[in-house]
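Shared between the two complexes below is chain A, which pairs with chain B and chain C, respectively.
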Partner chain A sequence: MRQLRFDKLGAIIAALALGGAFIAPFATFRANRIVAGEVKSVIDAVPAAWSVALLGIVVCAVIVALVRSPAYLRLAAAFVALAALALGIGVAATHLTPEANTYARVSPASGFWIMLFAFGLLAADALTRLRPAPFVRIVVLAVVLAFASAILLAGAWDGLSILKEYASRVDTFWAEGRRHVTLALGSLVAAIVVGIPLGVLCHRVTRLRDGLLGVLNAIQTIPSIALFGILIAPLGWIAVNVPGAAAIGIRGIGVAPAFVALFLYSLLPVVANTVVGLAGVPRDANDAARGIGMTDWQRLVGIEFPLAFPVILTGIRIVLVQNIGLATIAALIGGGGFGVFVFQGVGQTAMDLVLLGAVPTVVLAFAAAIVLDAVIEMATPNTRQAEAA
Partner chain B sequence: MPKLATLIRVAVFLLLVAFLLQPHWFEPLLRPLVQDNAPVIYNQGSLLQLTFLHLRTVALAVAAAALVALALAILVTRASGAEFLPLSRSLVNIGQTFPPVAVLALAVPIFGFGEKPTLIALFLYGLLPIFENALTGLTTLPPSVMEAARGAGMTGGQRLLKVELPLAMPVILAGIRLSVVISLATATIGSTVAAKTLGEVIIAGLQSNNLSFVVQGGLIVATLAVLLHDGLQAAERRLAARMGR
Partner chain C sequence: MIEIENITKRYGESTVVDDVSLTIAPRTVTVVVGTSGSGKTTLLRMVNRLVEPTSGAIRLDGEDNRSLPGYELRRRIGYAIQGHGLFPHRTVAENIATVPTLLGWERARIDAKVEELLSLFQLDPAAFGPRFPHELSGGQQQRVGVARALAAEPKVLLMDEPFGALDPIIRAKAQDDLLAIQKHFQTTIILVTHDMEEAFHLADRIAVMDKGKVVQYATPTEMLLKPATPFVESLIGAGERPYRLLAIAPVSSAVEPGHAEGVAISSAASQREALAELLWSGRDALPVADPDGAVIGKVSLEGLAKRAAGPT
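For the complex of A and B:
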């Protein structure tokens, strides 16, 4: 018989997952929102049939991880285990909550998070080995998000404490979510509209480049909470003294300073990447374009811009992921966004509330990174083909 | 021109020290930012002490991050750890999408309020740039040099210590510099979970609507970041020059 070969990463994943399943607690039960909880192992947390199924799936996935198996099998095992965890924690919530008790809180405990991490690692490793095409990565992301939405819509997680926090804040959650996305995307769009022309200008006028990039660099060193705060003063002044400014929503506190701060932070990556992208355009391409009598403008739109596009897109990716994270700070100056729940939760030491703000932020940032990385990869070979043609 | 730039930096540094030691000298400058009766200079603690604590938090976090990131980078670039290399690259990419506020807030239930969650968040966030740069440095060494080292009969450990690490050092240091600058700014957010950093000054300003507090807190951090960035960059250049690159 051929000897089985072991996978080094698999050994780490196996240790983590088995420790998470058999030693660490699976769920925490608390009589109400803020008291200390008692922890429950997998066997206590879910009905017997479920614990057998869940532990069985975990052990099977660990075996797949441990031996050298094909990458697609490892990916399948990781996803099955993750799905089982997702369903299992929902079952635990229903199982542990006494009938008709609205105060009791059930939340995932360390074992759940450790297993989530272990199988997430297995999935990441398998995906890295499979190197799926950009389009496939977006499809995988869509499937995962659809699965999570289906669980949410079916109400399988309704017993979990984070969703109880959500249930008491349905309206504000979506309002803050919209504001979060508007802040992150709106400031990105503004930075693109202003930053790309500035980048072109910097590329053409060398003297301007060092000065402007220096200023933008300096802005990046101002801590976000300070920049948000500093902008309160000038915007407050504008709101009072410029006719019509207050009418379009410019205020000293709230969305306006947050928007401007995010815009200022976004400018550097957009401008700098435009400059780098344009500088990387091969001289031959420019010479050829000049040779066939293209004007400066035609050259910019027809040659330089398409060739620099992937680099500019990389700048946009950095900005979007960064903005989604930074928009949480807006809550400190009344700008809203998911940060409202994070800081409220920190203030009340209610971790479920922190999660209600943090989880959507992380999911948004993560999804944005995957989608834009895929788009960048799709944009890059096209330009190469154009280069070759 | 570099002389002028150095002079400006020295002047900025002296201004910073003067502000930290004798903040009331600068009161007239900041007075227009506040209402008549409000305090101009932060009065709930010593700016110097907060600056010291801020720098200590950053130094501890970055030092730990540098040690761990470098060890990991060395591990995955050895033959025995090679199978972790692609995964570690993906993990770095994934890790960078986690917003610092989320990391900070999620560290609170495990480590409580105060300095600990801040240290953990800064440590985790500081790992990534150092690890990324160490990987770049260790995987882009000229093959001819590696061949020569092997040909000279050096063992794996000797090659690592005498050839690979010294050659990769400028890139690794650039990663540490990036990490320091990011941590300096991120540490201010730590004050939302009651860590003693300069963020306390800014948050006090936001809460009492005192713009002068916000500005002084922000400017001290920004000045520290610029000075440390330039100082570390100068150190890198000197090191690179000494190695004849």
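For the complex of A and C:
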């Protein structure tokens, strides 16, 4: 008879999920956005039929996680449970909010977050075991995002506090979002345009390499808030003394110092990865390229660059994810971005407002990481040198 | 014809190549032998100006090799190195097409050349052309490396330990293939190696280098009979001399009139192979057959022993 075997990670997931479902509260109800709230368990938070369905799905998913089951089954169970959680929290918001009350706030409580984490872990573990092709990973990401968008557009989450904060800031939300993406991507593009040639230069001129990488390393260690502060004086001076600088938006505070700081932070990963990538090009290939008559430029474009590309792309991935997160701090010096909501929320002790800034930032960074990882894998040809015979 | 005239290369204080002069006849194979650090690779790399000499001149068919920009010169000279140096992100066909593409050949001419070379190197163009280098065996990679070096039909081919990464059986085959290719294209080859066996097998003339200088430049036979210095003698190996002497001459030049019993040996085989066969089968003489199979005489233990004797 086949013995049931248990999965170690599954046991942890099961403990977390069951604790989240039966012990911790599912949702928090507050009479208005500032006061302390009262917590509700799953059974209190959603109508009876929903609580039976939700708890049933959680228990089933926990069983799948606990025993050694095929990876695709685990992935399906995780996604079903996550979808049930997503719908359930929306139902809880509608269920708990009294009719026509616009002050009351419902938000997810610890139990929801714990279950989200547990099933997120289950999904990630299953995906790791399935080793999907890069393209498939992007499709999975797109499906998850489409599902979340569908819930949002259908209005199923409209009762949640974070969306009530959104509703009162629709215009600024998208404006700050655009600014956030512009800051993160713009500084990345500038860092690529400057950093890759610098990396090539460092690769060719050994003496320059140690000095430049040392400087960039030092910049990387400056805390971001301090760097913003350091930049205020020189950029302020430029705005006053360089004709036309103020006209294109250069000022001591605002977007300019945020952009410059993000750009400076981005340089090290781009330059360092360009240097490492170029150094990793097989010596033989380089020697042969010169020996059969390629010019330095042809060798750089035709041989060194394509072979170093995956490593350079890894640097770009680091920068993009790092910038999406760091751009939040730009709000401190008037640079805008999702950070605006985070700092406003902290100032008003309104956690929902903090989440309105934090959640899109996390989603953006997460999506960027998945997409670029997939692109890196697709760009890495199987170029292992065969073992010398 | 390649004329190397008083060529010297110094790196700071150390002289890597010291006042070397060599004249290399067209359509021959010249092997430069030496221990590591003898300057042989540097000498080779000065021919296509991967290394610029400190002083001296190199002329190819009377033309100074500095009359062209380095990269244009190198497109006219084949270059093959140990570990082949194939571009890992390009297919076999693209690798071979590199120099013709740089030279701006037409697509059809390039494709025809790639196909011709792959067939010549016993690689099926349809099967191997689209593959990537890491999908080939070491011997196949090496052949593609040489094919790439020959793609633009250079008159001169430089080879730096081209067979160094191959196992002995594949290496012997690769050496024979190289000689056949050299006859086919009438290429002038300069090959650098530290393997004396390889030098004697391939060379029309051997240049022995030691500490940056050419200590002897001679045909294999001359070198065996009259080694110029004790260094050359030790490089050849005292115990190997008679066998090497037999190895570089064919049986056809040792045929004696008369009759012998047993299976005949081909007149194209080396005398060393004949000796080995005599010793192994315990006979005094073997019949010799010409390439058509007709017996033309015999080769004897006594006769070979005389030929293996050094000058007295």
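What we mean here is this: the second predicted complex is superposed on the first by the 380 of 389 C-alpha atoms of A that agree within 3 Å, B and C clash if a C-alpha of one lies under 4 Å from a C-alpha of the other, contacts with A are read in each partner's own complex, and residues count from 1 in each chain.
Just so it is clear, a contact is a pair of C-beta atoms (placed from the backbone, for glycine too) under 8 Å apart; a residue touches a chain by one contact, two chains touch by 3 or more.
All values reported here derive from a predicted model rather than from experimental measurement.
Trainee: Return first, second, both or neither, reflecting whether A:I312 touches chain B, chain C, both chains, or no partner chain.
Mentor: So A:I312 meets neither chain B nor chain C here.
Trainee: Looking at the overlay, what does A:P282 touch: chain B (first), chain C (second), both, or neither?
Mentor: A:P282: touches chain C, not chain B.
Trainee: Looking only at contacts as defined up top, I'd like to know whether chain B or chain C touches more of chain A.
Mentor: B
Trainee: One more residue to check, A:V362. First (chain B), second (chain C), both or neither?
Mentor: So A:V362 only meets chain B here.
Trainee: Contacts for A:L96 in the overlay, against chain B (first) and chain C (second): which applies, first, second, both or neither?
Mentor: In the superposition, A:L96 touches no partner, neither chain B nor chain C.
Trainee: Looking at A:A330 after the superposition, I want to know if it touches chain B, chain C, both of them or none. Which is it: first, second, both, neither?
Mentor: Neither partner.
Trainee: Touching A:R129, do we find chain B (first), chain C (second), both, or neither?
Mentor: Once the two structures are laid over each other on A, A:R129 reaches chain B alone.
Trainee: Quick check on the superposed pair: does A:M294 touch chain B, chain C, both, or neither? Answer first, second, both or neither.
Mentor: second
Trainee: Classify the contacts of A:F343 with the two partner chains as first (chain B alone), second (chain C alone), both, or neither.
Mentor: first
Trainee: Counting contacts the way the document defines them, which residues of chain A are shared by the two interfaces, the one with chain B and the one with chain C?
Mentor: Dual-contact residues (chain A): none.
Trainee: Mind listing the chain A positions that touch chain B in their complex?
Mentor: 7-9, 121, 124-125, 127-129, 218, 221-227, 229-230, 232-233, 321, 324-326, 328-329, 332-333, 339, 342-343, 345-346, 349, 351, 354-355, 357-358, 361-362, 365-366, 368-369, 373
Trainee: Looking at the complex, which residues from chain B come into contact with chain A?
Mentor: 33, 81, 83-84, 86-87, 89-91, 93-94, 96-102, 105-106, 108-109, 181, 184-186, 188-189, 192-193, 198-199, 202-203, 205-206, 211, 214-215, 217-219, 221-222, 225-226, 229
Trainee: Please name which positions on chain C make contact with chain A in the complex.
Mentor: Answer in residue numbers: 48, 50, 71-76, 78-79, 81-89, 98-99, 102, 132-139, 141, 145, 148-149, 158, 165-167, 170.
Trainee: Going by the contact rule at the top, pick out the chain A residues touching chain C in the complex.
Mentor: Chain A residues touching chain C: 282, 284-295, 298, 303, 306-307, 381-389.
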